[in-house]
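There are two complexes below, and they share chain A, which is joined by chain B in the first and by chain C in the second.
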Partner chain A sequence: MTSRIEIYSPEGLRLDGRRWNEVRHFRCAINTHPVSSDGSSIIEQGNTKVICNVIGPAEPTLRSRALLDRLCISVKVIVAPFSTIERRKRPQNDSRIQEMCSSIQHVFEDAVIAHLFPRSQIDVNLYIVAQDGGVLQACINATTLALIDAGVPMYDYVCACTAGMLDREVLLDMNRIEESDMPFLTMATIGATRKVSLLQLEMKVQFDRLEPMMAAAMSGCHHIRNLMDNEVRKHGKSRRQMGSL
Partner chain B sequence: MPLSLTEESYLSVSLSQRPPCRPDGRDQLQFRPMDAAAGILPTTNGSARIRLDDGGECIVGVKAEVITVSGSSNDVHVEVDCDIIGIPPNSPLQNLLCSTLETAIKSSLPSHFLRITNKYRFKIFIDGIILDHVSHPLTLFSMTTYLALLDTRLPRLAPDSVGEHENDKDEIGIPQFSSDWADTDRLCKSWSPPLVQLGIIVGKNVFVDATGEEAEVSDGGLLTIWHDGRIVGLRVVKTRDSSKQVFSISSIGNAVEVLASASREIEKGLKGIRTS
Partner chain C sequence: MPRDLTPSTLENTFVLKALTERVRLDNRSFNQLRDLDVSFSSTEYGLVDVKLGRTRVIARISAEITQPYPDRPYDGLFLISTEISPMAAPTFEAGRKSEDELVISRIIEKSIRRSGALDTEALCIISGEKCWAVRADVHFLDHDGGLLDAACIAVSAGLLHFRRPDITIEGVGSRREVIVHPITERVPVPLAVLHVPVCVTFSFFDVRKASSAVAGVPSKDEMKAENDDDDIEEEGDSSIAVLVDATLQEELLRHGYMSVTANTNREICQIQKGGEMPVEVGTLLSCSEAAIIVAEKVTKLINKRLKEDETRRNVGNLLVESRAENDR
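Right after this comes the complex of A and B.
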């Protein structure tokens, strides 16, 4: 692929000065909205910023939505008009947003121990306030943290990461400019295992190059799991010191 | 949850007493504690977030775009839009929020602030998301917008693309902006944005920052637009479905004074917040 910008320099540095296997600056916080929701989190991955609010498990607002044997999760993604470089207002029923909602929903329906909460519902609201690539991965990571904050039992963290392929070079955790220039995949794993719960690739890529991309994305997921785990433990410790546990 | 008849009568009696007694022990002019931050979003020209004690939260991002205009029109191009989570778009509440602020900003912002050359202007987009609200979101949205506008910076023209004289500015074609973010002008250098304040009226008393229950027993609401140290606009709004919206003239006069002093204090508080 040709581009005006040098995505990956011969010295092995990317646009923002990272090496191929480095993730962007990762910052997360949990229990950020204690009054308005049962579980909440904020995730910043590079310049992408996502706020997540979880309400529930609670009785469903619509009786017809209740499932008799397990929990039902409904996901809503709100994209702020000011989140992109060019201001753009998207309707709520935008097909890309709908698709993202349903993939997040499917991932978490399998990740939470759903049979413990029959006939109840969890509402997940995701607010994308700034986007710079890797929106889906940030949404999944934010939802994981918010569900943990809400005290919903889960098998393990669900962590997501992207990886792209530039010629023969694998690049981990891409920003917006890199995403627009090369094929990339988003992968979510259950904790630090090799179990993949989501794999999304929307572009053409040679078959033999898929495996290195997946391997890189998986190592990125494991790294992000550690970062999130540190934050959750730090939060737990501070709560214990305050005497609220 | 709707109030029972007993609760409603207890609340309305204690609020219409003189001096009034609010359920949380606040003064008529006292706000609940809130948490505000400015300059939180890197993709905007200016941004702010305010969170109230009851969980109500609003995020506002201001973005500027360059548009072409024909002739030397003096229109101020500002668009205010907000998304209230849990309420469908184009609801009366959303229209009230957007139209009140848009008119207030358009009528107070001098058009030369947004002028680039005689052909090009900045258009300001103010977008808000109200993540959650328990009480009426108008004051919250207005305060967050105020803070976001204080934080707003517009880029200057690149020095090498502009000639020596002020008139040469009009000769250049497509404007080229300086790529240095430090080389920007504050939108609020010599202009302070309007601030909309909603007070609820119960009997002869007026209250700012009303909780949901207080609004439930009110006779109606009065919104004031505060700009440059005085009240420039006034409007009566419905705060509940069955409100009477009948006030005596003296209670309106009193309310305007009370809201003006509340706005003065709020403005002072918001100006003290560090912007980026």
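Right after this comes the complex of A and C.
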């Protein structure tokens, strides 16, 4: 099948017509569920769509889980059975999903100013509505926006992006077909800095190819940070005009 | 009732203060591994005992014939089981998956299975009907930090050591029979191991008094490509201490960690840096490079032990001792 699909044409165009360093079409919306949650967001990166709801900071559901001096975050990821090409119901304790939950929890426990809310808990619910590659990155971006909407104090945006290596070409922000065909890494940075919060590589890659992949992913993260920042400011402006701030 | 091991504030402060003076409690240097010992069973193939400092892990490789998955008729099966029982430490509960267990099982899965350390196509006997199912069971006997590293070494070494029974296929078409020869009849066959993945865990400590450095520093001009294997923590941030192979106490007190699996082909099989404690990207790259060096050391040790085991088994084996072949 891969021989018929040209992942990277000799002219430098990918399957969807992007160049190697172009991020997919990024659309996000904040405060999409004002009634059911304290903060919410919907993110669309290409065809990958993720909805995030944040409830909190609030009293912890399990007293034993509460940390005495800081906030604890509980992340739940629900993958819709219609999110992939084949309709498949995923069991809740699938280890891949559990790992995603645990990674996102650790990323945000450090990114949120946690010592302001001792003995409290934030519930993050992520709904993956459509999967087309870059699911973890979309989840992290969606959670950042939802936490901002909920008014949770954070040090900086947490932005995530993927980058892959096809032979010697670096490709940024990959979709499902590209992801299954080449080694790729998911990186989450703190704002526009060089501090990396999350780094995940799942397929074998030569060590020398690692540095360009990481550099590309980092610039992708910075770009996404600017896109998210624009949306947040736009949203803030509209709320001020509406008089709700 | 098993409770989480929480170190005291005193321990916390002491260890951090020692790290600012570049001292580890067991007097190792920051990128020194603990004493690693890999020993193979002399009676059974595929049973390996790994001691990493005081952490002890046993891996057992076994194989049986079964039917392959219908959507992959040319591949054999390969399962890795890494269940942690309370034998390793009282904080683990039998049957309940703690987060540590989840992390270990996922990373071992990615390091060994997904990276293709074992060639599953070589496990096929009759496509679509019969194949070998290789199973690696990891038993954690003692937890003193580095369970993941020790488990990865144990499974890799076990796969290299294991021998499966030799088989012949007789008959044609649908009346084909597979004859499994016992080890007393025919010499057992080694598995097709394509590379030897070794996992190395780096622990990050923020040695500044303030809570973890999340607010970033403005980016430097370009990424420095570090290529020295000593003192990875000297470049980039001096406020972060990077330790290789943490003991249990260091593991409980660390602020973040990164697991890198590398092999001697200078390939990185997987990287997992959890979300805790953001680290500058140059440090992560130097850690990956250091992992390759550790992988080379460990693979050399495994090969040395394998050779010793081989000679031990072949004592009295006239076929091997009376070979006319000489070393060139």
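Going forward, the second predicted complex is superposed on the first by the 241 of 245 C-alpha atoms of A that agree within 3 Å, B and C clash if a C-alpha of one lies under 4 Å from a C-alpha of the other, contacts with A are read in each partner's own complex, and residues count from 1 in each chain.
Note that in this section a residue touches a chain if its C-beta (ideal position, glycine included) is under 8 Å from a C-beta of that chain, and two chains touch if they have at least 3 such contacts.
What you see is a predicted model, and the numbers here were worked out from it, not measured in a lab.
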Clash-or-fit label for the pair chain B, chain C on chain A: fit
Partner chain(s) touched by A:Gln241 [first = chain B, second = chain C, both, neither]: neither
Touched partner set for A:Ser95, first chain B, second chain C, both or neither: second
Partner chain in contact with A:Ser64 - chain B first, chain C second, else both or neither: neither
Which of chain B and chain C A:His106 touches, first, second, both or neither: second
Which superposed partner A:Lys204 touches (first chain B, second chain C, both, neither): second
Greater residue coverage of chain A in the superposed arrangement, chain B or chain C: C
Which superposed partner A:Phe82 touches (first chain B, second chain C, both, neither): first
Apex chain A: angle to the C-alpha centres of chain B and chain C, given in degrees as a multiple of 10: 110
Nearest-approach distance, in Å, of chain C Cα atoms to those of chain B in the combined model: 17
In the complex, chain A residues that touch chain B: 33, 35-37, 47, 49, 51, 53, 78, 80-87, 89, 92, 125, 127, 129-132
Contact footprint of chain A on chain B as seen in their complex: 41-44, 47, 51, 53-57, 59, 61-63, 65, 81, 83, 85, 89, 125, 127, 129, 131-132
Chain C residues touching chain A - in the complex, by the definition given at the top: 97, 99, 102-103, 105-106, 109-110, 114-116, 211-220, 223, 225, 256, 258, 262, 266-282, 284-285, 288-289, 292
Chain C contact footprint on chain A (complex, rising order): 93, 95-96, 98-99, 102-111, 115, 155-156, 185, 188-208, 210-211, 214-215, 218
